């Protein structure tokens, strides 16, 4: 393993985006985005403009938790059931063990699945401002010996049983929660829609149904219906020191649009958004600068910076999603714009 | 939109990995990896060591194609059926149109799906050494007017109907193909397994069944069964100028292991690996250096550098997957290693 | 194993349904339905009434094939690739073997998947008027020794590798085809919608988006978006001697609705509808009577009775789907109707 | 709608199966099966024989609940979140309303999902011995007005939002529970395996990995890995008056096998098994007889007959699954047996 020069990904700030909701109150925030796909900047930028012309993007952080599913083998399914049910009742004992591994990790819930005599124990934690990958692995590492000591019918199979599930597109994360569950909504006046997005509310709604909803279903998608969340997530993750492999589950989400009173209601739901304002990758200078720029390095209660970060990331997703959807309602616009921008850059 | 300093992601080279197969013949290749997750380097490095001690990783490139699904509305399902069937028979005419957009893009197949009166036309191309995103969008942009002109029963709905499908975890990509379909295999002598991975073939096989296969199934995974392909893909993509948002579908793949004559057969199947040795993001200095380092900038027939790149990327995935699986067979090893490495770095 | 009296499932005929399309030309067909769920009869009956008041249900049979995926182990992925590619080119040789097993089975295509050294060979046949389960298993049984003889690098693993896939909800059946792929469409005048379904086109469309499309996506559905196809399929299957376990994949399908010129466009797409007018279960008296009633025992070209049967089955599905969707747009209607009907019966 | 003669499905009893576990203590139970697929009887019969020679099938009922997801529209996601969180805390108030609809239905939990401003409220009930479809719809019908009265920010969208989810293959049912979650296990001595199943533990385990686990993953299956659960479920459902459309979700389950001390451990996990010993379809004479035959019409605490029924149904599934898996380890056996049996019958 030899050190080589770092990989310098092109980066710009776009916006500002006007954001409001249960973590941010009517603020304009500049969005840093690092990407090789240069058309992404003006695309998100156009969405940001719309946000300012439409009273802002309303962002609701619905839930937060980070998980690790340990895998145990029981003598049989009956023993697995007994252990699973008991452990769900012993959260406070388990939290004493967890507290030895971190002062931020707190076990808030346990879910389990039994297959044959295999017990998949999904441990769910809050992890302060960190995304919490290491925190929950560390906690699980401490809990495992305690569980084996207390349940002689169980033995170690794996520190992760893939029921977590980390960096994989699965159904469990959206249904039981992993990372931040965030909903973004905006109501765009028809005039803004026509003038700035060169389309109509009706066209966007129609395209969303036929492309994002039905098209993804035909493709065999999983708990997902969107045009390109992955692009906005990647660029934001690289700019803010996140583990960008989490775009795999992060990009599972649903775009829902409808015409309301002639205007366009447009929303992006991201149930598995994994971000942190502290932790791995956050020590680099540009990351620190970017986190400061978006106001996620303030002195706040643990968790508040993390939720704010998730809200900004999700607003960024809506901006890019809206812009691409608008472009695709017009034949030829997408390619023309790509060509123009990539030649320029 | 304002320019800021680029995002410098930490990068190292690991290996070399010994690779053989239908695109590479018994070569040792150093792997460049850019990542915030520093434990990834020694993890892939350990796999690389195993490759050299086990006669190499055999890599088979099974298929290649890049796709764009355009979305049309027909007067009814009957008209959609007629158009879909006819267009499948008119590939050479369509290729004349395609040839105006690029000298590398070649339409090799069409698949379609009909839902109500909606026609999802999945255009499948070879695209030389490029991953081909823009090439196929551009080709689709040229094909669309031709199709509308020839089929008055059809009208434009979207340049992309999400049946492509790009940067989304779906079933269609693996089943019909998108990007490179690559299988990697290795046969690891028991002694190497025990001495260098500190585990046994039996333990790896057992863990693979219970974690990767059954665990992912319980999580509601989709055409996927692996521990962490996304990590190795991301680091390789960032180091070689790929559009890393393609790890979303790229990370769908299956790890299969079995004990053979006391030794360990270990394989990773990656059916949707999207990479290119030319195109967007490839103009940066470090990208060019890295592509040269791994021998993907040689004068070869169009497509050969691209396939070589896919083979190396997939071998890298096997290295990291093997190493993590080995670690998880031993209680406590994963966390201990993480802590040690992250403190060091 | 001891014989006991048969299980007499309650049966009625409803309709007639007015059907038109590429297999049936403007006919009124009575639908026999066997079910314990008695409210199903008036529900489908109401849909049938709508069909007669709206110019009929247009049914398009898009495709037909029956499949069996045999599973082979190759020496490595390279050998699997070579065999897979060659076999796709040897259809006529393979069809000589197939012809020994049945005069109706005809191998029309081969698809394969490779995972490690495993080769899943999906053999696709037309099977005349039969659903074809046994026909394709029998053909596969004949083909297996031939393949093993011609490819010494391959060995037997299983007569079915679950990539068929039979009686399982998977993505492959819809994407590659299994059974009949059928689309049904109807355009219902607003007045009919309001007077007979007690709802509006707008309400149905809205409910379809929020319940069938988004709701199923949130539930983690797979290539499916409908309210209750399974109910109509089951009752029709039991009445016509089908293997009703095929409702598992048969019920995967998509309801798409939109307002067109103030009227309601409503469609049901059933890509994996497995039915036969001959074969197992068809010897029973009531089955024979029902198949005659719906005109599927006529002297026609092989396959025509089977396609007609699929068209009628799918029209039946649209009737029931439409009726339930209409009911659910009105608070309280569903339960009130159920209670009334079940008490009566 | 006109009455016609009932549909008499052929029926036999097979077994007895030896069952033990947390609902049944070491009993031999005859299994009634109604089916057109006559080879199913000897197939399940062979599994029953194995159960008697191997100390019985251990059946663990892990969980039970029946669900209905109502769909509401909130003014925005924030209002949806507030209502969802509050309603989870008001179970006892809600149960007062539920108690007006049934003396058996009891609301035990609420889960919700938010997409945009849509609130999918998954109401989870215990329903005594009934499968509970109508009971929960009726309860939801009573709860809806109460909720709308208490939450002026919400309005009616649908009595079912497909997040239940009923008669659809989705991920939510297995993860959150719907119907009975049942695990069956058996340890078959090697000698029994060889003599009666004409195979070895190693062969069964190998086939399970390559066909059920990897094969289903390649097919794009969803939370499922088995050979043919649907067949055994259908025949048992038709014989015992169940709503057989529930085989759609019921057949999602996982077969797990391993070699233990030279013997065969074989298990079937059925997380969404929906059955009832009372309710719709249970009034028919043969149903009543069959339910008596298997001991599910005894005077017991509410729910006990239902759980017993689920246990027997699941044991039946293991019998048929084991038998088919054994047959498929031997080239040619499956087809030969089918032909022999179908000719005989």
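So that you can tell them apart, the chains are marked A, B, C and D in the order they are listed, and the count of residues begins at 1 in each.
Convention: a residue touches a chain if its C-beta (ideal position, glycine included) is under 8 Å from a C-beta of that chain, and two chains touch if they have at least 3 such contacts.
Remember, predicted model here, so these are calculated numbers, not experimental data.
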A-B against A-C, pair bridged by the larger set of C-beta contacts: A-B
Chain whose average C-alpha position is farthest from subunit A's own: C
Between subunit D and subunit A, distance of the C-alpha-averaged centres to the nearest whole Å: 34
Separation of subunit A from subunit B, taking each centre as the mean of its C-alpha atoms, in whole Å: 22
Distance from the mean Cα position of subunit C to that of subunit A, given in whole angstrom: 37
Two or more partner chains touched - positions in subunit D: 113, 115, 118, 171-172, 174-175, 214, 216, 218, 220-224, 254, 256
Touching residues on subunit D, where the partner in the complex is subunit A: 21-22, 58, 60, 62, 76-78, 81, 111, 113-118, 171-172, 174-176, 181, 183, 185, 220, 222-223, 254, 256, 265, 267, 269, 271
Residues of subunit C defined as touching subunit A within the complex: 171, 174-175, 209, 213-214, 216-218, 220-225, 254, 256, 258
Residue numbers on subunit A that touch subunit B, as the complex places them: 1-14, 32, 34, 36-37, 41-42, 45, 69, 71, 73, 113, 115, 118, 120, 134, 137-138, 141, 144, 156-173, 175, 207, 210-212, 214-216, 218-222, 224, 226-228, 230-231, 233-234, 238-239, 241-245, 247-248, 251-252, 280-281, 284, 286-287, 328-329, 331-332, 334-335, 338-339, 342
